[in-house]
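All remarks here apply to the structure that follows.
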Amino acid sequence: MTLQTTSPIFLGMPSFQKAAKDALRNTQQRRNLAHATSTIRAKRAAVVGEVDRWEELRVAGADAKDEVLHHLPHYLEQLEANLVANGATVHWARDADEANRIVLDLVRATGSDEVVKVKSMATQEIELNERLEEAGIHAWETDLAELIVQLGHDRPSHILVPAIHRNRAEIREIFRREMGGVGRPAPDDLTDEPARLAEAARAHLREKFLRARVAISGANFAIADTGTLVVVESEGNGRMCLTLPETLISVVGVEKVLPTFADLGTFLQLLPRSSTGERMNPYTSMWTGVREGDGPQDVHVVLLDNGRSHVLADDLGRQALRCIRCSACLNVCPVYERAGGHAYGSVYPGPIGAVLNPQLRGTGSDVDKSLPYASSLCGACFEACPVRIDIPSLLVHLRTQVVDEASGRSPEALSMKAAAWMFADHRRLEAAQRGATLGSRLLGDRTVRSLPGLGAWTQARDVPSPPPETFRQWWARTHGYDVEEAP
Amino acid sequence: MSAREEILGRLRAATTEVTTPVGHRGPAPVIGVPSPGAGETLELFAENVADYRASVTRCRPEEVGTVVAGLLDRAGARSVVVPDGLEASWVAAAREAGVELVPDSGADGALLTAAELDAVSAVVTAARVGIATTGTVVLDHEPDQGRRALTLVPDQHVCVVRADQVVHDVPDAVALLEPRRPLTWISGPSATSDIELDRVEGVHGPRTLDVVIVG
Amino acid sequence: MSDTPTVALFATCFNDTMWPDAPRATVTLLERLGCRVVFPREQTCCGQMFTNTGYADEGTALVRRFAQVFDPFEYVVAPSGSCVGSVREQHAALARRAGDAGLERAAEDVAGRTYELSEFLVDVLGVTDVGAHFPHRVTYHPTCHSLRMLHVADKPLQLLRAVRGIDLVELPAAEECCGFGGTFAMKNADVSIAMGSDKARHVRETGAEVLVAGDRSCLAHIGGILGRQRAGVRTMHLAEVLASTEEDPA
């Protein structure tokens, strides 16, 4: 099993703790995120509440994904056969480099020096745009949020809405400053009304859509028994890319497969309601290879591993591959809401990123070692997940992996071992408690405001002083046993 | 070793402990709401289509032409793309009212280019399926709907759905569709939630979606 | 169930050492409701802190201890949603990870008999009015593990609503995590405090004199912030409110 190599963009990312500390100081971003996530939480709750059989759908979604994950070679071969039978060409990529090389060669073969892109997590993960630009090929992101990130020379901070950390006023500034440099400029009288901003994006991108000869997409689902690819979107930029160019290249993670077309009856209920909080997203496109006289006639699918086989090898961790990239876990996560997406050091932020990145990339780097701890284990993510990924349990599982890989000599490990020794025998615990309550008598009954070694706690929290009597001392006094001396 | 063989090998090695056979979970379960009755399903369809800012008009079969003409006029459409297999009577009144009808295939058999399509105001199509619980119309791009670009580039889409095409829930629609055809699911006009996660209508697809329910 | 059920109290190490009022009140309350309460002295800790920090081996040793200590009892009750959550949702999995099938069965068995206080009162004893009296303005924080791990739903609120004299006010955004999260409170102190500060703000907005929850650990965190802010809000465990009577007020 081969891990992903850390990409140049996220190389040397600090730990989550450090990055989050900086992000917390960005009050504008915190306000933007709090506003956006509370909006989407309410919408999701309303449309999920409309579906009486939601729990059954979640179970069906998890079962469909597990069926595929347990037999991935079978379903991939079936998908490939159906794609080929319908006129598509299938490529396989072991890692990001190989996928980028395949796409670059395909684009070069068309003679085009530009591509239009449908929002795709897989191509972000492999940093395809950067590779294309290096080779002199312009990659135009056409999803509004991706456009905002690209024009703002920024990094994505959310799976569904990569520019969630930007508010309308910031977006207006980016459009006015940057659009003219790469195409049709924003109108002089552009306001920060969302409708006007969307209109500016429409005008800016239309000339690119109409002249584009090559499009690059991902896929939300790839249906094994028919060879159908599915893209779920809102704006119509996806339809533009999937319909107008002559060549379409789709980069699809191997875990995106669903067994049958009928499974869409489940997933097209789960995804939109979990993702944008709509009964259905405005547009969903489905295509099966090449359709004569309709849409691209040169259709390629690149099936991507890039660390996924490593995730699959862990029989508990593999459930993270059920993920359909809906973002519900991000939107309900109190840690994400405050730390923002950049602190996760990956295109996959939030709770799912905290379990996916350390599995895709391993736990060697500072950020990947820290991600399993970037959670209070409150469980809101598991509750919201449409495919029932038990993220809290996976986080704990990965914490164990981080600890097992460490030397065992850290101050934390030593104090954990000491505590474990104490808890291994109630007499040791009782002896330690006597020490603690003795301390409390010396301190008197005052609340402790600072204590050496407790800096992380006391920076904004009082420390309760130990009680004059532990519970077991009270029990011995009132219900009857003597507290023995420790051995 | 080829990338294909290597990846399949890795995936096999990663799941050696799996003992269940392929297909273990059985056929995809059908989890949806049954129709409480044709009338209620149609009512819900109309309500949900309208909820996402598409216009909804209900009419009898002989009224479609007049309704379509009225919708094109309301949006100020001067020209309309007509898919090759569209029922001619649906656009007859519009033509009489002075709207230019633009066929997709010209006399030489060539289809409209993207730029030519961009110069047309509107498109009128039939549909394959309507879904009540979500307010969705699904096109399968048969000749009465035309190829995918027709319902994408013009700024107004008038979509005529027969009442008997409307099903209640998503799995009912999936069961009716032919997967090997290109399929476009449309729920309201193009929209985005990318600015502060609030939905605004009108991005790249048609900014006006008019759904006509017949029968 | 016999007329006088015997209940083994699992005090939890944190309550035992730092917040003895919560298990004391649990004893008072259960005895008032006709239970015979025993305190197996060999008990120490459920191991949650070890497990959730990644020290699974240390956690597993405590799973074994817990299963042995509480094996003889029909009912095990703890005044902590979080520790009961660990017993019910983590113990068997730790045994499985260690490859110990016997321990896994033992852990599952004792987990099936282990209850968080409000569950035991409502589901086993079948009471919601426990005869309490507490004439104060109170708001209730549900705590994540009670809510999303144990699914105790509104059982604590049913109990609180039946308390005489109480002025129970709803906490805004009640279901959102307070940011304690065990060692998260130290390892990610900045995010933890940001979450706790929002929780404390919501508590202050209610105008309550007392913040009640079923977990002393969450209360130590929120209460620590409220204390630093000199907010004048007391924190109390659910058991303390339920144990309070006119004759013996908390």
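Note that the chains take the letters A, B and C in the order they are written out, and that residue 1 is the start of every chain.
Note that in this section contacts are C-beta pairs under 8 Å (C-beta built on N, C-alpha and C of every residue); 3 or more make two chains touch, one makes a residue touch a chain.
The model shown is predicted, which means the values in this text are computed figures rather than measured ones.
Undergrad: Which word fits how the chains touch one another: line, ring, star, complete or other?
TA: line
Undergrad: If you tally contacts for every chain pair, which pair is highest?
TA: Per chain pair, the contact count peaks at A-B.
Undergrad: Among all other chains, pick the one whose mean CA position is farthest from the mean CA position of subunit C.
TA: B
Undergrad: Round to the nearest whole Å and give the separation of the Cα centres of subunit B and subunit C.
TA: 53
Undergrad: How far is the middle of subunit A from the middle of subunit C, if each middle is the mean of its Cα atoms, in Å?
TA: Going by mean C-alpha positions, subunit A sits 32 Å from subunit C.
Undergrad: Going by the contact rule already set, what residues in subunit A reach two or more other chains?
TA: Counting only residues that touch two or more other chains, subunit A contributes none.
Undergrad: Could you please specify the touching residues of subunit A with respect to subunit B in the complex?
TA: 1-2, 32, 35-37, 39-40, 52-53, 56-57, 60, 63-64, 66-67, 69-74, 76-77, 86, 91-94, 98, 142-145, 148, 161, 163-164, 167-168, 171, 194-195, 197-199, 201-202, 205-206, 209-210, 223, 226, 228, 234-237, 239-240, 242-244, 254, 259-266, 268-269, 272, 276, 278-288, 291, 293-295, 303, 305, 309-310, 312-313, 315, 318
Undergrad: Using the touch rule from the top, collect the residues of subunit B that touch subunit A in their complex.
TA: Touching subunit A: residues 2-4, 6-8, 10-15, 17-18, 20, 22-25, 27-33, 48, 52, 111, 114-115, 118, 131, 133-136, 141, 147-149, 152-153, 170-171, 173-175, 177, 179-206 of subunit B.
Undergrad: How about subunit A: which of its residues touch subunit C in the complex?
TA: Its residues touching subunit C are 16-17, 20-21, 24, 334-335, 338-339, 372-380, 382-383, 393, 396, 399-404, 412-413, 416-417, 419-420, 422-426, 429, 433, 436, 447, 449, 456-457, 459-464, 466-467, 469-472, 474-475, 479, 481.
Undergrad: Within their complex, state which residues of subunit C touch subunit A.
TA: 11, 13, 15-21, 23-24, 27, 39, 41-45, 47, 49-56, 58, 61-62, 65, 90, 93, 97, 144-145, 147-149, 175-177, 179-197, 220-221, 223-225, 227-228
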